[in-house]
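There's a structure below that I have some questions on.
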């Protein structure tokens, strides 16, 4: 299968790192493809930025339909996830959703540890959008500051793991997700973690592989049936054409 | 106060009708302004269309900041509502949210009656996004088809009111929202309704007036504090500039 | 419209202050009337006192039907609110409910800051009665004591605002309600608040104005249809007569 | 123990019947006392009537403090229950609450079958006030009309049992409460019921006996600690005096 | 009635103590019987141990059917409770469930205080299995260690009561359950408790007495109807025979 | 990886069929092993049978520790799942849980279609145990009877698919799980399904593969840390020894 790692941020270095992490866990017969947002933001970190980036996700998938078998939206808050599922007939997976669902099989309650407080409310909305509020133990963020979002995983490594330990000890978490694209792979590299750790990009690519076998045409019934063809104006070409075209035509 | 009715659809006739209905209920000292989407869709009716339209809402408000005191997002599913609240320091109100909150003061349980099944799942997500799932009695849609979305309020009037009656009788609703921009004003014009009816555009403009008095700077603390200035690329001019600029600068 | 501010406490000074605050926010065409409980308690602050005061609310409205267009029950825990909605065919609004619903448009999560711990459980029940438990961040009360309930807003001003700041910083609130009739107006008078503040009496009168336009006959269907005429004995005159009389007769 | 069956309705025949049913299930060492409301309504059946009757419950208990060891509020919607628990230092039990909690040990989901639609919303609020919404399967009411509330148990017997059967078959109930004071005892007298039936007055007296052993001083901590002495005016003598007096004095 | 106190642990001394506590609260006409697990664990304290012990509960009841009128499963996490209710046609009560339901009549929110952290997650699952999550204030465990589980009630008495006080003061609990079989009776013996305390074995035997009057045949409809006869192999004799036999045969 | 398909039923033909279905979807580097219950029931279908079978699951895994890398508990209601996760340090996956979590990535709401009403309550408890009640649209069962549980997938094929269609049309489901071991593989073989279908055994093996990469040591922190060594008596040899032995020893 051809699996697209779609980064709705403009930072190509982050896309590459996520692809490298993904390559460690994919099945032998999975081919990895990547895409990085051609416009928008270096790193989205607010509801407003996610609103804009979610529209970009639709545009980037529309441009690649027919050349990929499944998509991972590779930004932790899953911008545009449900809209993409409705519009396209292949599996679409989000890092936040995939890591939460994976965590649900590793304990009763999970915590999220991430690196900047700005992101917490957006992440919390992902939890509630998934209906998993009763499984969340806590969202924890180190107080330490950092210099570079690209290197935050090294700068804050000790602080992040300390928060993971507190999530288990103080918040009754069984599992801890290390969330945010810049932390990709960190969970896989810790030998003596104080918690069972989940790496979102790994979880997402494995879930995409699972869906590609279990439901290769993705979501496509009920409220996720592809909407009827709709005239539109001023949209990016591929997306506008896809929306204007009847399914199957 | 200057109150903007912002229609994220391209259909100007619908904007005008909503403004006319609004003019019947506003306070003497409220001035109504309108805006209609310059691109996008004639009438949004899917999650994907709302993802795109929500980004348009941000763009349209950015272009008008400084000239309006409050905004009503005049499409029933409230596209872009939370993102707009985060980004701008004036009250922003959505028709779905405002009509649900208003209904909560007219009974314990409300139903939503609208005219096309496509919209139901999107509307249901609005209910849950507001945390009001326990107050919802039902979403009901007439089986009858109609010719024109602009005239659906007349074509389906009897059928819509019959569903409102069933919501009270069969679903234990106390109040019924007639949802969807094309039904604007209908709730105000029925004399012998089988239920207490709520008109979304009326509810939204009155809520915007209330916020303009109670919290004239809108949402602005906690997770709705305006995000830090963020570099960006390829965004519409006013929106890109707004996001790139520090608050207060 | 004629809007009645009904104080179910016996303290007329509090009624006057609330009316003064209300007068700052009402629309030009709203006329304010007031009523103060003729018996009961100087200031209700327990479930038992609210049970008694709620019956007083019904009695006081019954005595004024025909002379007012909407009622604000001006005690923060909304005693008698649902019973009044059921019995009378005009909008009836409670300060707790109105301030919570208003807060829901100013962020995702609200906190309540008030001045005495006795009231917290009763207020918490108001939150759950409204089905808004998932939107509540915290209830906070300063540890400081005060001398006079009538002057508590000045005595504890700094402490109350400090708690509002902690609600945002520590409890992830986006909005803070300053609850309890003795704090009326305080939220409107703070220039540099650490949170978006909601003033309950202001919120309530604006919501009453909104309902008077959107649903001038108030709640009146489903479980809020006026009950059939019921014989009764030993009730205050106006209330007994109202309950004994068939609607429309 | 001296157990008071307190009927907040004025119909003494109903009090007597409930006492007779109670006498069949009490332990040998339980003494039954009764009280019937001296004013108010023949049979309360609305929120407004319950608001008034709840205040009567406080008054009636205040008059009997020192002569009873526990109280059953013998009207199905439990008027004044929480207020009474707060004010008095003996166990106070409600028929609706007691029958629901009892039902929770006889299956996962319970239904309520009663005889008049007016009462359903009030009963539903009792379920939610108890936090037991997830255990409720349905509320069912026969369509048949009846002549006398005192004889409704005989007139509608077949229809009520048919609804109990449907609750199990169609609504996935495991247990059925036959709710409403006029049905007292019916559940105990059916040999071939299509469901496990719960009789509210029986459940309530057994729960009162249980509390009298497990916590003979009733609720009395946290938010149910007796409120501080409070001056008051115009209240019935015993109640006014009780509220004005400090606990222990 | 013949009431069986069934201890799914192997420690007979604990069975005896629970029977002694039970004897203080039962009605004059209740006869107490006991049973102690013949195999398994001295004291179960994990999900895995409860899974095994729950099967033992079924086996122990099957051996005694016809000789007892009701059963109390006397281990705090209620192992095998729902399975036993489904299989046998007499009331079956669990200590955790019974103490929570009893606590619900002594306040709005209850806390659980117990003596070892291992048990907390299992107890929390009991709360959620009962659908009572919204009534739980906290689970609290003293930090102090102890030498003997049989004497923990004396060793940690002060620490346990201190936690009960904190539950009321810091967690807004109204009632506190002292959970875990080794604490049996402690709640009854404290004169100056900082909270209303519930003793689980007392609560359970009183609830079993209540059910024996209200529903002497126990759960038996809907999803708790006895399953059809099922062939089986390798099960303990009495249990295997009971499951293989059609109800009524 | 070595993946064990553990059938807690005694019917080997069912184990074989599930292994055959699993072999169609596993990755090239996954080796499938199987185990069938040596005692118990031909096909478990009640809470009581699941209580017994859950203990068998623990016993069967204990006997195979060291020879497998992950386990799928191959009975739809997931007997013993949480206990196994707590006790063993490899991933353990249940068919019900895995299919629900998979369904959550294929739409907002899922339905379960299965073949016999006995199983519905047990399955419903699986949904709530997973905290996914808000995602469930319905549980549907054909009215038609069948002769053989081994052939039910062919006998009821048309009826099952009709119910799947109704789940989408009438219950607003987006996805449908065909639940129950005897239906294994059916979802994969339908070309023109009226819904997106999920096959539980396929979902479970793919989830086990995912966990084996993301968290190869399974659940192991917080409340799922392996319990301390515990003496025991009368347990099956391997299980007794495992429980009696300290982790790491």
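Think of it as A, B, C, D, E and F in the order they're written, each chain with its own count starting at 1.
Just so we're on the same page, a contact is a pair of C-beta atoms (placed from the backbone, for glycine too) under 8 Å apart; a residue touches a chain by one contact, two chains touch by 3 or more.
Note that the structure is predicted; figures quoted are calculated from it, not measured.
Trainee: What shortest step count links chain A and chain D in the network of chain contacts?
Mentor: Contact-graph shortest path, chain A to chain D, evaluates to 2.
Trainee: Compare the CA centroid of chain B with every other chain's and tell me the farthest one.
Mentor: Taking each chain's C-alpha mean as its centre, the farthest from chain B is E.
Trainee: When I count C-beta pairs in contact, which pair ends up with more: E-F or B-C?
Mentor: By number of C-beta pairs in contact, B-C is the larger.
Trainee: What whole-Å value do you get for the distance between chain C and chain E if each is reduced to the mean of its CA atoms?
Mentor: That gives a centre separation of 44 Å.
Trainee: Suppose each chain is reduced to the average of its Cα coordinates; what separation in Å results between chain A and chain F?
Mentor: 27
Trainee: Would you give the residues of chain E that are in contact with at least 2 other chains, written as numbers and ranges?
Mentor: If we look for residues of chain E contacting two or more partner chains, we find 82, 108, 120-121, 134, 172, 222-223.
Trainee: Per the contact definition, I'd like the list of chain B residues that touch chain D in the complex.
Mentor: Against chain D, chain B makes touches at 108, 134, 172.
Trainee: What does chain B use to touch chain C in their complex?
Mentor: Checking each residue of chain B against chain C gives 25, 27-29, 82, 85, 91, 93, 97-98, 101-102, 104-109, 130-132, 134-135, 168, 172-175, 194-199, 202-203, 206-207, 209-211, 213-215, 217-224.
Trainee: Given the complex with chain F, which residues does chain B contribute to the contact?
Mentor: Within the complex, chain B touches chain F at residues 120-121, 124-125, 128, 133.
Trainee: Spell out the residues on chain C that touch chain D in their complex, using ranges where they run on.
Mentor: 10, 38-42, 45-52, 54-55, 58, 80, 82-84, 86-87, 118, 120-122, 129, 222-223, 227-228, 230-235, 239, 243
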